[in-house]
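Both complexes shown next keep subunit A, but they swap its partner, so subunit B is in the first and subunit C is in the second.
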Partner chain A sequence: MGKSSAGLASKSLAVYVKDLRLELRSRFGLNAVFMFGITTLAVVSFALGQASLSPKILGALFWIIIFFSAMSGLAQVFVREEEQQTALTLRLTADPDAVFLGKLCFNFSLLIIMAAVITPLFFVFTDAPTAGAINFLVILVVGMIDLGAATTLIAAIISKASVKGALFAVLAFPILLPMLIALTLSSEKILAGESLGEVSKLLQFLIAYAIVMITASILLFKYVWQE
Partner chain B sequence: MNMWWKYLLFLGMSVIIWISFTTPAPQQEIGEASRIFYYHIPQAWICVIAFAMSAYYSIKYLRKRHALDDDLAADSARLGLLFCLLATITGAIFAKVTWGAFWNWDPRQTSIFILLLIYGAYFALRSAVEDEERRAALTAVYAIFAFITVPFLVFVLPRMVPSLHPTDSVINKNLKFTMGPEVRTIFFSSLTAFTVLYFWIFNILKKTNLIRRKLETGTI
Partner chain C sequence: MKGRPFELAYSFHFGILTDVFTLKAVNIGKKFGERIVFSAINLNLNTGDSVAVTGPNGSGKTTLLKVLVKLLRPSSGEVQFQDDDRVLDDDSVRARISFVAPYLNLYDQLTGEENLKFFAAVRGGNITGKEVESLLAEVGLARRGLDLVSTYSTGMKQRLKYAVALSGHPQLLFLDEPMSGLDDSGQAVVASIINKLRAECIIILATNEKEEYAFGQKQCRLGQ
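Then we have the complex of A and B:
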């Protein structure tokens, strides 16, 4: 048992490193995510001018920008395998669990890097209050884990479909909506200066949601991958 | 052919419709509008049953790979979508009468909206995959994955955000609105009638699919 789980970890790591190396070579996912995020942010900021925004609007805007930026790059990790016709080789050399965990970690990394760039820019552009920055960071990390957890399986599904681009957002949005609501509500409270204790229920919801999504994805992934 | 229960259902539903409009309104504070409760909750209930059936046949498909299970999963989702729409519409009418607006993003409305979106997305995915077996497997995975969010939508989310929805629903733990014996009888009769109706429709769809499959393979 111990040996096989160690094998799974090292295989997942190998898939992760492979994807990371490919990404650094082409930088497609990162470019898409950054350019989309920065463009949306600029449009939002330009349209609003110097208007001072309430925490409610700031929280909503922030997660809309994050959602659509993530949608532009997260599917790439599976779509690339299909487009470059490497999926079959990967299927032969690695077992589905390792592939899924490797890709999941890759998407987490992509999301964390994306958030690390877009979040400071968001605070600069919109002049949002920075008093609760540490608390906001906690929400942000939980949010990224949730986003990655819910979308990686969907990325695998759409990589097998004929129209990929639009379908990803269509399929992911309803699954993501419960957590986007919780994230928006908790960010709003944090930006209004409340402590993490005030949003603990929402955080519990978000963490439970991520755990359920990851478990279900691991169980279901092999049916998509073998297709 | 055993037809008696179909006549019984017809008679039962007619009586329920008659009684639901002639007895006193189930909740005096809300008044006449609360009669919609006899229809709205059974519809929401059927909507959840249909989606559970869809997830069940999706699991069955992934295990056994019978094309018929995929047909049934899709048809259950179709029926679920229909009842989900009915529940949304009756809910919106009730909201207009009691809260003053058809739509105000009450947590219950948000949940049902997400359910509609999920199954809209399910059919978008079905139309996006050409190969029949691949379509069946991919949509089965999505149906199961989406169904997992239903408990969060029905039980968790509405409790986290303050709601205007009456706490009279069968799924809510704090039954503040206690049903009188008369109201209870009508409500559970209606629930039973709707459930029987659902399984009847489902059975017809099942037979149609079976015949279609047999015609395709030439075994009939």
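Then we have the complex of A and C:
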């Protein structure tokens, strides 16, 4: 029986809709992400007071908040399956590719929702310049795709470990570091008023990073997902 | 390294006219670290065959079932599924297996109906509202399909697992502690499901209950 792309798409959609439904009913991931993101933003805001920050610091600060907020919620997608003992049932019935793609899309959704809330608050609390908002949005969307692509496979790996939370950030950090550097540099330039053309090299790197990560994850996932 | 004084090998065939599905386990063994759970098990089962796997606690009944459905890799030997002599790949096998066990949970935060629809969808099939209703009625959950599974009792969850198993139209049915958590009417439902599927499935069940041994035409005793 061959694996048709239409069949894979509908199975992946089933996994995605199921995860979305579970998240809306439990709000494990959303609560974790927002609690961390908003707390950090509030602390940063109080610490800064009226101080004006350079684009370099703003760019770094923004991605630090996004990175740690994401780390607190993205692993849930697999951890929940292991903790509620549904992972074995899923392993037995679902195509590993469909499981990965469904969960990848779910993590993208979680990241987009997180960014949609945290980004405007960041601009309000830090008084960051909004002149290049559209360009910043482009970097943000590419960054969310990179973050989701790089962390979904790691979430699957750590879901079987006993110390999940700390391990997720530790394993993810070296893989995410090049991406975070590129995101910080491109955000800094955009916040300093440069155009997308001027950060095109960084943008190309970020898009290539996403493609490599998604491809590698699809190839490796079934080995992580099985025993 | 010391293995258990245990080796089992048997093979049996029944005359099935169409769509013969075969499970072949050749010399399979499983060990965790240095501990050998079982070794040198050979099975050759065709559609219509049923086996009760028995043995004391810790003898490897559950491990054997997990190895046979490829949830665990065997430490030695090979498990193969064939359809009319054609070796099936993992995707094809997955679509034909149903497994009911206490450790295979359904989603508590989904309703009974949503669980049925989800597992049908990830298997690549489609299930209509009428089929859902009929499956739920068959396992005695006719009016509870719209309730979250978290509100079900243990026995009701077990009944729903059978509904999910049936929705996959299995050719290979694995049951670990098949009557676990079920009341008398639940046990009657399971007995009728097993009898209904007997002719069109390979059924392998693991149990310690003597009255359930009869569900298997043959017995495979582990830990001897």
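Criterion: the second predicted complex is superposed on the first by the 224 of 227 C-alpha atoms of A that agree within 3 Å, B and C clash if a C-alpha of one lies under 4 Å from a C-alpha of the other, contacts with A are read in each partner's own complex, and residues count from 1 in each chain.
Everything below uses one rule, namely that a contact is a pair of C-beta atoms (placed from the backbone, for glycine too) under 8 Å apart; a residue touches a chain by one contact, two chains touch by 3 or more.
No experiment lies behind these values; they were computed from the predicted model shown.
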**OP:** Identify whether subunit B and subunit C fit side by side or clash on subunit A in the overlaid structures.
**Re:** fit
Original post:
First (subunit B), second (subunit C), both or neither: which does A:Ala216 touch?
Top reply: first
Original post:
So, A:Ser5: does it touch subunit B (first), subunit C (second), both, or neither?
Top reply: neither
Original post:
What is the contact status of A:Val224 with respect to subunit B (first) and subunit C (second): first, second, both, or neither?
Top reply: first
Subject >> First (subunit B), second (subunit C), both or neither touched by A:Lys201 >> reply: first
Original post:
Taking the superposition as given, does A:Ala98 touch the first partner, subunit B, the second, subunit C, both, or neither?
Top reply: second
**OP:** Check the residue A:Gln50 against both partner chains and state whether it touches subunit B (first), subunit C (second), both, or neither.
**Re:** neither
Subject >> subunit B versus subunit C as contact partner of A:Ile175, first or second or both or neither >> reply: first
**OP:** With subunit A at the apex, figure out the C-alpha centre angle toward subunit B and subunit C and round it to a multiple of 10 degrees.
**Re:** 90
Original post:
Smallest separation in Å between any Cα of subunit B and any Cα of subunit C in the superposed model?
Top reply: 6
Subject >> Contact residues of subunit A, present in both the subunit B and the subunit C interface >> reply: 227
Original post:
Along subunit B, where are the residues that touch subunit A in the complex?
Top reply: 62, 110, 114, 117-118, 120-121, 124-125, 128-130, 134, 137-138, 140-142, 144-146, 148-149, 152-153, 156-157, 160-161
Original post:
Which of the residues in subunit A come into contact with subunit B in the complex?
Top reply: 153-154, 157, 160-163, 167, 170-171, 173-175, 177-178, 181-182, 185, 201-202, 205, 209, 212-213, 216-217, 220, 223-224, 227
Original post:
Which subunit C residues qualify as touching subunit A in the complex?
Top reply: 69-73, 88-89, 91-92, 94-95, 97, 99, 103-110, 114, 118-119, 121-124, 168
Subject >> subunit A residues touching subunit C - in the complex, by the definition given at the top >> reply: 1, 3, 7, 10-11, 13-15, 18, 21-22, 25-26, 84-86, 88-95, 98, 226-227
